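Chain IDs A, B, C and D follow the sequence of writing; residue 1 opens each chain.
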């Protein structure tokens, strides 16, 4: 049988099996920490309790599976360090997701809304939002996500603009970190760290090299490295095992197809 | 008149936005911002036209009982319910609009996106063949990078992730820059042809 | 030049309206800001150069009637693709991807190709289906296709219902186009424009029904997927050159020539920059940026 | 199991069923997704734009200028009429013209000048040399006025190899993100829906 002409549905079945089966086993591979992930970890780790940290949920709903472990490690780290988290979203689709996630993780640490964290919600036209917060956060977001005037959160009144903000983290599936670099960093000198989808790393590379962006923690591997730095093995670790198996399966499939096509041609 | 006026407007707005880039003058910047707002406003009105065409096509299917017409009811219902809830009860946290978005739209969207993993496998299976030297280069690079991005690569040899990194930083980046420069040049001349009215099939003229 | 006066008056009103809106900006700010932003001088010089080269190329092509350009495999396939669809009695499906809007030159380039494809489908009486995620692209495409059918002498064959807006959601669009491909079973699927994650979903679905796929995009990531999955792929700049190829129009060929002249200059500057950098002289690369 | 999980799981399976073949479940999910997402964007965009950029400026600021774009926008509705459809060319011309004007300097800067400047590296390093050769030969690959023969063809061929390395690397790199998305969906089905894992 010429394997190279296999029905695509058999390939699909193989992929489904190699995704599902490894998940049933609790195997966590050894992860080596890269300097990129170490960099963003150190940036957050060097902040002091009570410092503000802004977390921007810059992704769309469809890529949530990839962004969730990244968002979790960042928020876990920030709550653990007792930082004051200011959440916001620059994609309308990420808004509700960001809020839900923040609420969930805050509960684990017994943090209170308005005291330890706030969620500003969504603003369209990200360039003007990014630039606007350089002048005044409260002007861009007079109300938070829950439609309360921002002034009532007295613990957050110290945050006027980027000058009071030691670090901003953009959790992104697309090119928004570039806009943070071009507008918040270049114009206001804001430190911007990035946790992003694996596909975006090459696009951001020059910004990391020039120091305009910090990080990145990228994709499921970045999240797993971060988990290790935080001292636990969570969802990203488990996924990484499955991930390895799937990559290997695809490679083996390609090799099998090539050998089969070669043998078949000889006949 | 039917074609000349659109071409004149295209030219004037094109030249203005082109020249505005080179000035930080507040009046020009304000005019530019105003034009951007106009573009958004026109877009939203056009979206309404798009929604009307969807309604027309699907209600036509329903009334003519064309094949698959019951499915069209779902589309029409989806639009009406979402718009009704959104305009009627708001889009805030806890609203029914957001509930539908999170529990119906998002799962379907992310599942569509997840189909890609299957398609990546089938495309690789079919397309990665050792046909000639170019295809071999494509195949081998893909395999090295795929291995280098997961812990498995480290376990086989540290050389794999290092090679993957080197490939992405050097030859791959070089080709990407070459492609981007080409795209840049193509975009510029296409835009010039549009501004000068050489290319105008969408404005009613023969190109 | 009848009507020219009216046209200019309308244009002036339209353009100066925003100016009127902002005429009250503080005078002090106005007089303090220079008209020209010197930090953008390199881009200005480059733009000027590009425009001059564009006109020189147009003049040269006209004077010498020189229109020779090399063949591009993907473009020669367009005729074959429409012929195949006609033979099989099945439609051609053309979609410009989720990533673009009408402001993007890539979309314009795709519409130029659409224009030429539509003239051919009109001549052969073959159906042309055009789903899109952007209502404005839908409008422009309808205008384009309708004109093409009129120019081909078959205005009666034009079917406006075949050009439709699906949804602005990326994967809603992907689901709708996938559904259309599997139900209509077009003989040829043309994926030309700016694509993102949906690229491979559409290409593989088209392959599964045995359609011939011609793809072309300026999204560098998706190019890799198209190259592996599709029969023909226009890589980046080839998409922009396509309408010149297909139409053979002198003015469009001239702009392809202009691109080539610019490439010679770019290569020369790159070589010079590399040599200068070797001797630790960075002024060229620094001036450019 | 909550009703939310049940609905999401059924819809997830309906979309996955497309992998076997197009079927009524997928068709239903597809039509529902199109409808719901059109409704979603309609509400969000109308609130963001028509309310904040047209209605409010007119009602509160007496900013009459916004009538012009509103009229241009309304002209788009003529698309629905048979014999006045050509009037939609006017707003289209504004969008296309302004877009083309914006893109010329933007493309020159981001796609051409920035890329050029980044490629000017010292040639005594391996990467400097490779990057320069790669960029130049790739550009030569895209040169249209000359057949790819002789020495010129040799250079273009070198460009093709660079292109293939880029495509291979991008493919391999992107696989990671895509597989993660599938794992995420499968986790949802196995953990939240079936409760097998976790």
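By our rule, a contact is a pair of C-beta atoms (placed from the backbone, for glycine too) under 8 Å apart; a residue touches a chain by one contact, two chains touch by 3 or more.
Keep in mind it's a predicted model, so treat the numbers as computed, not measured.
For the chain pair with the highest number of C-beta contact pairs, give its two chain identifiers.
After counting contacts between each pair of chains, the winner is B-D.
If I average the CA coordinates per chain, which chain comes out farthest from subunit D?
A
Averaging over Cα atoms per chain, report the distance between subunit A and subunit D in Å.
20
Please tell me the distance, in whole Å, between the geometric centres of subunit A and subunit C computed from their C-alpha atoms.
Measuring from centre to centre gives 33 Å for this pair.
Subunit C to subunit D: how many Å between their CA centres?
A distance of 14 Å separates the two centres.
Name the residues of subunit D that each touch 2 or more other chains.
Expected reply: 15, 18-19, 27, 29-31, 33-34, 36-38, 40-41, 44, 65, 68, 76, 79, 86, 89, 92, 94-96, 98-100, 102-105, 107-108, 112, 116, 118-119, 132, 135-136, 139, 142, 163, 166-168, 170-171, 173-176, 179, 181-182, 184-185, 188.
Which parts of subunit B, given as residue numbers and ranges, touch two or more other chains?
5, 9, 12-13, 16, 18, 21-22, 34-35, 38-39, 42-43, 46-47, 49, 51, 53-54, 68, 101-102, 105, 108-110, 112-118, 120, 122, 124, 126, 128, 138-139, 143, 146, 149-150, 168-169, 172-173, 176, 179-183, 185, 187-188, 190-192, 194, 202-204
Would you pick out the residues of subunit C that each touch at least 2 other chains?
Only 14, 18, 21, 40, 43-44, 47, 50, 103-105, 108, 136, 139-140, 143, 166, 168-172, 175, 183, 197, 204, 220-221, 223, 225, 227-228, 235-237, 241, 256, 259, 263, 266 qualify.
Taking chains as nodes and touches as edges, what kind of graph is this: line, ring, star, complete or other?
Chain contacts: complete, every pair touches.
In the complex, go through subunit B and note every residue touching subunit D.
Residues 2-3, 5-7, 9-22, 34-35, 37-49, 51-54, 68, 71-72, 74-83, 86-87, 91, 97, 100-105, 107-118, 120, 124, 133-135, 137-146, 148-150, 164, 167-185, 187-188, 190-192, 194-195, 202-204.
Can you tell me which positions in subunit D touch subunit A when the two form their complex?
Contacts found on subunit D: 19-20, 44, 48, 118, 170, 173-177, 179-188, 190, 196-197.
Can you tell me which positions in subunit A touch subunit C when the two form their complex?
8, 60, 62, 199
Spell out the part of subunit C that touches subunit A in their complex, as residue ranges.
Result: residues 170-171, 197, 204, 208, 221 of subunit C touch subunit A.
Quick one: in the complex, what on subunit C touches subunit D?
Its residues touching subunit D are 14, 17-18, 20-21, 40, 42-44, 46-47, 50, 68-70, 72, 101-105, 108, 136, 139-140, 142-143, 146, 166-169, 171-172, 175-176, 178-179, 182-183, 220-221, 223-225, 227-228, 235-238, 241, 256-257, 259-260, 263, 266-267, 269-271, 273-278, 280, 282, 284-286, 288-289.
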